[in-house]
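By letter and in written order, the chains are A, B, C and D; residue numbering begins at 1 in each of them.
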Amino acid sequence: MTGSSFGKIFKVTTWGESHGEALGCVVEGIPSNIKLDANYIQSFLDKRKPGQSKFTTQRKENDKVAILSGVFKGITTGTPISLIIENNDVKSKDYNDIKNKFRPGHADYTYQMKYGIRDFRGGGRASARETAMRVAAGAIAQKILGNKVKIRGALIQIGKEKINYDNWDWNQIKKNNFFCPDKSVLKKWEKYIKEVRRDGSSIGAMIEINVSGVPIGLGEPVFNKIDAMLAQGIMSIPAVKGFEIGSGLKSAELRGEENADEIISKNNKVSFKSNNAGGTLGGITSGQDLVIRFAVKPTSSILKKKSTINVEGKNTYITTKGRHDPCVGIRAVPIGEAMVAIVLADLLLIQKSLKN
Amino acid sequence: MTGSSFGKIFKVTTWGESHGEALGCVVEGIPSNIKLDANYIQSFLDKRKPGQSKFTTQRKENDKVAILSGVFKGITTGTPISLIIENNDVKSKDYNDIKNKFRPGHADYTYQMKYGIRDFRGGGRASARETAMRVAAGAIAQKILGNKVKIRGALIQIGKEKINYDNWDWNQIKKNNFFCPDKSVLKKWEKYIKEVRRDGSSIGAMIEINVSGVPIGLGEPVFNKIDAMLAQGIMSIPAVKGFEIGSGLKSAELRGEENADEIISKNNKVSFKSNNAGGTLGGITSGQDLVIRFAVKPTSSILKKKSTINVEGKNTYITTKGRHDPCVGIRAVPIGEAMVAIVLADLLLIQKSLKN
Amino acid sequence: MTGSSFGKIFKVTTWGESHGEALGCVVEGIPSNIKLDANYIQSFLDKRKPGQSKFTTQRKENDKVAILSGVFKGITTGTPISLIIENNDVKSKDYNDIKNKFRPGHADYTYQMKYGIRDFRGGGRASARETAMRVAAGAIAQKILGNKVKIRGALIQIGKEKINYDNWDWNQIKKNNFFCPDKSVLKKWEKYIKEVRRDGSSIGAMIEINVSGVPIGLGEPVFNKIDAMLAQGIMSIPAVKGFEIGSGLKSAELRGEENADEIISKNNKVSFKSNNAGGTLGGITSGQDLVIRFAVKPTSSILKKKSTINVEGKNTYITTKGRHDPCVGIRAVPIGEAMVAIVLADLLLIQKSLKN
Amino acid sequence: MTGSSFGKIFKVTTWGESHGEALGCVVEGIPSNIKLDANYIQSFLDKRKPGQSKFTTQRKENDKVAILSGVFKGITTGTPISLIIENNDVKSKDYNDIKNKFRPGHADYTYQMKYGIRDFRGGGRASARETAMRVAAGAIAQKILGNKVKIRGALIQIGKEKINYDNWDWNQIKKNNFFCPDKSVLKKWEKYIKEVRRDGSSIGAMIEINVSGVPIGLGEPVFNKIDAMLAQGIMSIPAVKGFEIGSGLKSAELRGEENADEIISKNNKVSFKSNNAGGTLGGITSGQDLVIRFAVKPTSSILKKKSTINVEGKNTYITTKGRHDPCVGIRAVPIGEAMVAIVLADLLLIQKSLKN
């Protein structure tokens, strides 16, 4: 209720500050008898890991995850799984600047006002470092969903540079540092990011996530529609400012006959002529692919000098030094995939509880 | 958990089918000693009520709300408030078409697949009629928030026709049938909607909701960020396909220096030079206005003939007759306001529980 | 969270004051395609109904339950079921006494202190009349459990008069006004209750509930053990002061070898040599009968004059007139059965969600 | 929902197996700006620690608790507190017996049936070792309650040997190894426990917990009455078989006039002539002391040979060797205190959220 838990049956509770001892999570509601080991979870974390290319932050975290409970001889026992990552690459640095001033775009000011205290080291609890545990939990969620449910994310826009949907190739995703499905924009993007970094600036991005093989019937009517749960999950990722499903915001422009996804039956298999709905009707999965997109704002930590106030409320200036991603949107791809997996796993188990 | 409840302390549980006996909700977590009567709630419902103008459905519902519990001599007692609206204008009509066929864009198919049964009369539980109770509960939520918190929605786009932000005038909202803040587009919109209706079609729309007077500190870090809770609330409204806060999807295009909302202090009052954040930092309200937008798809019930399948899985066609809104987005304005009020009331009470 | 909801998947939310317009509940998490009608639920309510014999209150309530949603053509649709009972037999009486004074043993004082206001008519929300909706919801729960799960309650003690376990006969339960399984004590009990009533007094009682046919595996380790959930459910019934399972409080006196329920296998069927555990090991059902007992205090409303204070805090006296049960424990039997059914239905659905 | 979390605002989520890597918990909903360090929590754990006297198990655990998050410079920040205890004294022993056979009275059989797998090392998740984290969380709960709320437990019965209430002296509690308030029974108890141990047997016990300084108004009507929440909390402690509040089970024997706690006012202070209610009216604290009692069954691990079945379902015998408490009830005293603290802290925060 105070925000660190997500999900109802498959429930993830995260804890930890960016530069504290460690971060971790407790995952509840995991069916027993599932094969699981730390290496499997690690492979998901490695996708999100910083310090992998010149396009992300140079902070090198080992981010080695350990399983402390809930798995016995490589098999889940049905009891809570506790995961932990120790903070190794915490540079013992001078925090004076962010200790005394509120960084614009960051949660410094609001945490201070809400709690009357804040762990200012590296952003504390508000740091995007928290998302490592979402990725770890998402790996477990994927196990519950099984191999048929395929969750795949892609970066489709950096700043004003968009991909060309006609060039979409899922195989490209793993071959470049951008999770970009369109080979033709790579050069442009590389150059673009380099410029942004050189300018000491940052840039926003757009991510698309596609889920195929979704069972029909997931999502609970009225308030827990799959659209709503995905929206909560995705909008809870740091720096995300917008979420859409299917035709999304563009739906505002459509006429009824353009928007309708007609239903047809071929060889006793139901299909749809289009997917404006993005895989959901009345908040319940229809068996079509789920298609969502979300926008990530540019990193707030930039070298440009900005006006702000200090903790005494006096006007001052701040320049955020340090190792930052010029485009946090890139690493948001595996984080988005993880949140989608978590949402789906929970809805799957809820559905299972009531299914005749 | 099965979707009919929303909120943690201030909790709304709705029930009821479109053409059933009645619909209602139970609202829990209401502080005692608040003045409340049915007339007050009714005034909110009347804003959403269909049959008010030629731009919305002609189904005339009395939608008279009654308070069955939790209020004693016009004062809340702290116990659950039960609200009920009896279904009066339920035309006893021929349901054969929607009984046997799945309407594209509607929840017919997914409900049937999920539950193996559906109350096909008027869409049953999936009908937007359900939102009446959100509006009623939102009225109570507004009482908890107090007068200082001002939640105001506006229709900013119908199809491709957008308002001009420079003409924004909140006083206009109540003077026209569109909740439109820009007087200059009214004529065009009227003509547009008439055409859409004449064509037997429908059209999407975009709504913006602004909240001023928001206390600093609402929203719970990580998963229950105010952004995330608002997103869940708004995306759970039928027909909503996209949600954004502050700069929203456009954030993807911005550079760090464009996006940063610099902080300044004037006469000991903190303010911001811009509001790209839309009133939230790290998922916690900053005291700036909350600014959200959401897109509503065109009504799925249109007169145009569409391909679909029947309950036996055979290909067929359907034409949805009946009294439908050509633009459901219009009536989504008070519904959106209500959901925002519900989210804020809940977060306010959560915050109160932990505040020193 | 504010107390009017119970259960996680199978969730019951009750509302209503004793002498208000009506009382009701919303039941969520009901699988679809279950046969259900008001008559079935009514048959459960009739067991609890007051005014049936000279041993319970003479207040005659019609207590006619109506189903307002969630059932279509006699079949559950998977959506919330709203139940309502209108208050008919509400004597418009003089409430001055209980309006101005706090009745000892009742919730008058604590409601006033907690909420600063109370609906004093007939005890308002604190009235045991609230339990009617538990019984109604319990009837639905029983449908989920199926016929194999048999929940049967019995009155085993009134004041100091206990039954003889050797005479236990389930068939007796329906034949007398006490839900008493021991025919031999009936005469004594009748005489006893008459005396208590004649004295203007009241008397406590003990109830035992037995559940046979319980599936193995219900109950969730650590905090949601079946023992714990049953305890919460039972102890939430008005006037209940103690709860035990299996050997219960007597366990304090036992030695390990007396307490151990040895396990044996016969014809590939597992059984136990005794049932000190009361059907639960580690908080999970073992397949043995669940055996619980709970104590109900004597009705607080008695004719004897008692010291109390008035709402201004001045010392005064009160005598509670009106139509009261001399032994509320009698009607607690069907209420206890209902709470057990609700707990089991919820744990069954939770178990189903995670079962391989 | 799957049992490892307790509480709504102040929420405790525990994880860990008896002989796994570690055990821990995440505590959410802690107000910021509270002084807290590991030593303070450790002092609570030390009360529960095994290996302290000849009357408890000789397993020597260091049980050193570490705080991994949520505390910054010795002050709570409002974010989740992660606590961990590494398992040091895990004897690498031969688990063959408990691996292949189900110990009567233990959760071996039900875990195997529920999950199809179990971590058999030392009881796994079902081990009472889990309660260490309850005690740790309880220490934090006590901080929220403040010094005025005094929670004190005592052992009042071992087997058939009860204390004499007339000799009750809280100062005695810390002076003996039994948390016993009656000096006069100590010798008898010592001798008794020695006999039980010598016999390779075990014995049950009864604990009483008294809470003074309770604010009026805690507890939520209907299902979350303070009685109900305490019952859930206490009955979830391993080996607890019965719970009562105030007059408890004895209420069944009382007449209305015996049971009524008359209210009087003296010098503008409200008090009660007796406390049969045990501090609660209508499920809400009245300001009187909370008085609860609970029974703990004898340790199931005894040296006596018992019938059981093996994992293949064949009949066999088992003798539980190893280091076991002859009377687990003794160490249940600090565990019970902790659960009461956790329940009260949560209800206090809930009450705060709605208090005018």
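In this section, contacts are C-beta pairs under 8 Å (C-beta built on N, C-alpha and C of every residue); 3 or more make two chains touch, one makes a residue touch a chain.
Note that this is a predicted model, so its numbers are computed, not measured.
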item: Labels of chains that are neighbours to subunit A and to subunit B; value: C, D
item: Same-residue or different-residue interface between subunit A and subunit D, half as cut-off; value: same
item: Selected pair, greater C-beta contact count between B-C and B-D; value: B-C
item: Repeat of interface C-D, chosen from A-D, A-B or A-C - more than half of residue-number contact pairs shared; value: A-B
item: Rounded Å distance, subunit B centre to subunit D centre (Cα mean); value: 46
item: Computed distance of Cα centres, subunit C from subunit B, in Å; value: 39
item: Junction residues of subunit A - those touching two or more other chains; value: 1-2, 4-5, 8-9, 14, 29, 32-33, 78-79, 114, 116, 125, 221, 350, 354, 356
item: Touch-based graph of the chains, sorted into line, ring, star, complete or other; value: complete
item: Subunit A residues within the subunit D interface of the complex; value: 1-2, 4-5, 8-9, 11, 13-17, 20-24, 26, 28-29, 32-33, 66-70, 72, 75, 77-82, 84, 114-119, 124-125
item: Sites on subunit C touched by subunit A in the complex; value: 1, 8-9, 29-33, 78-79, 221, 349-350, 352-356
item: Residues of subunit B that touch subunit A when the two form their complex; value: 1-6, 8-9, 14, 102, 104-111, 113-114, 116, 125-126, 130, 157-160, 196, 201-206, 216-217, 219-225, 227-236, 238, 240-265, 268, 270, 273, 276-278, 280-287, 293, 295-302, 304, 306-309, 313-315, 329, 350-351, 354, 356
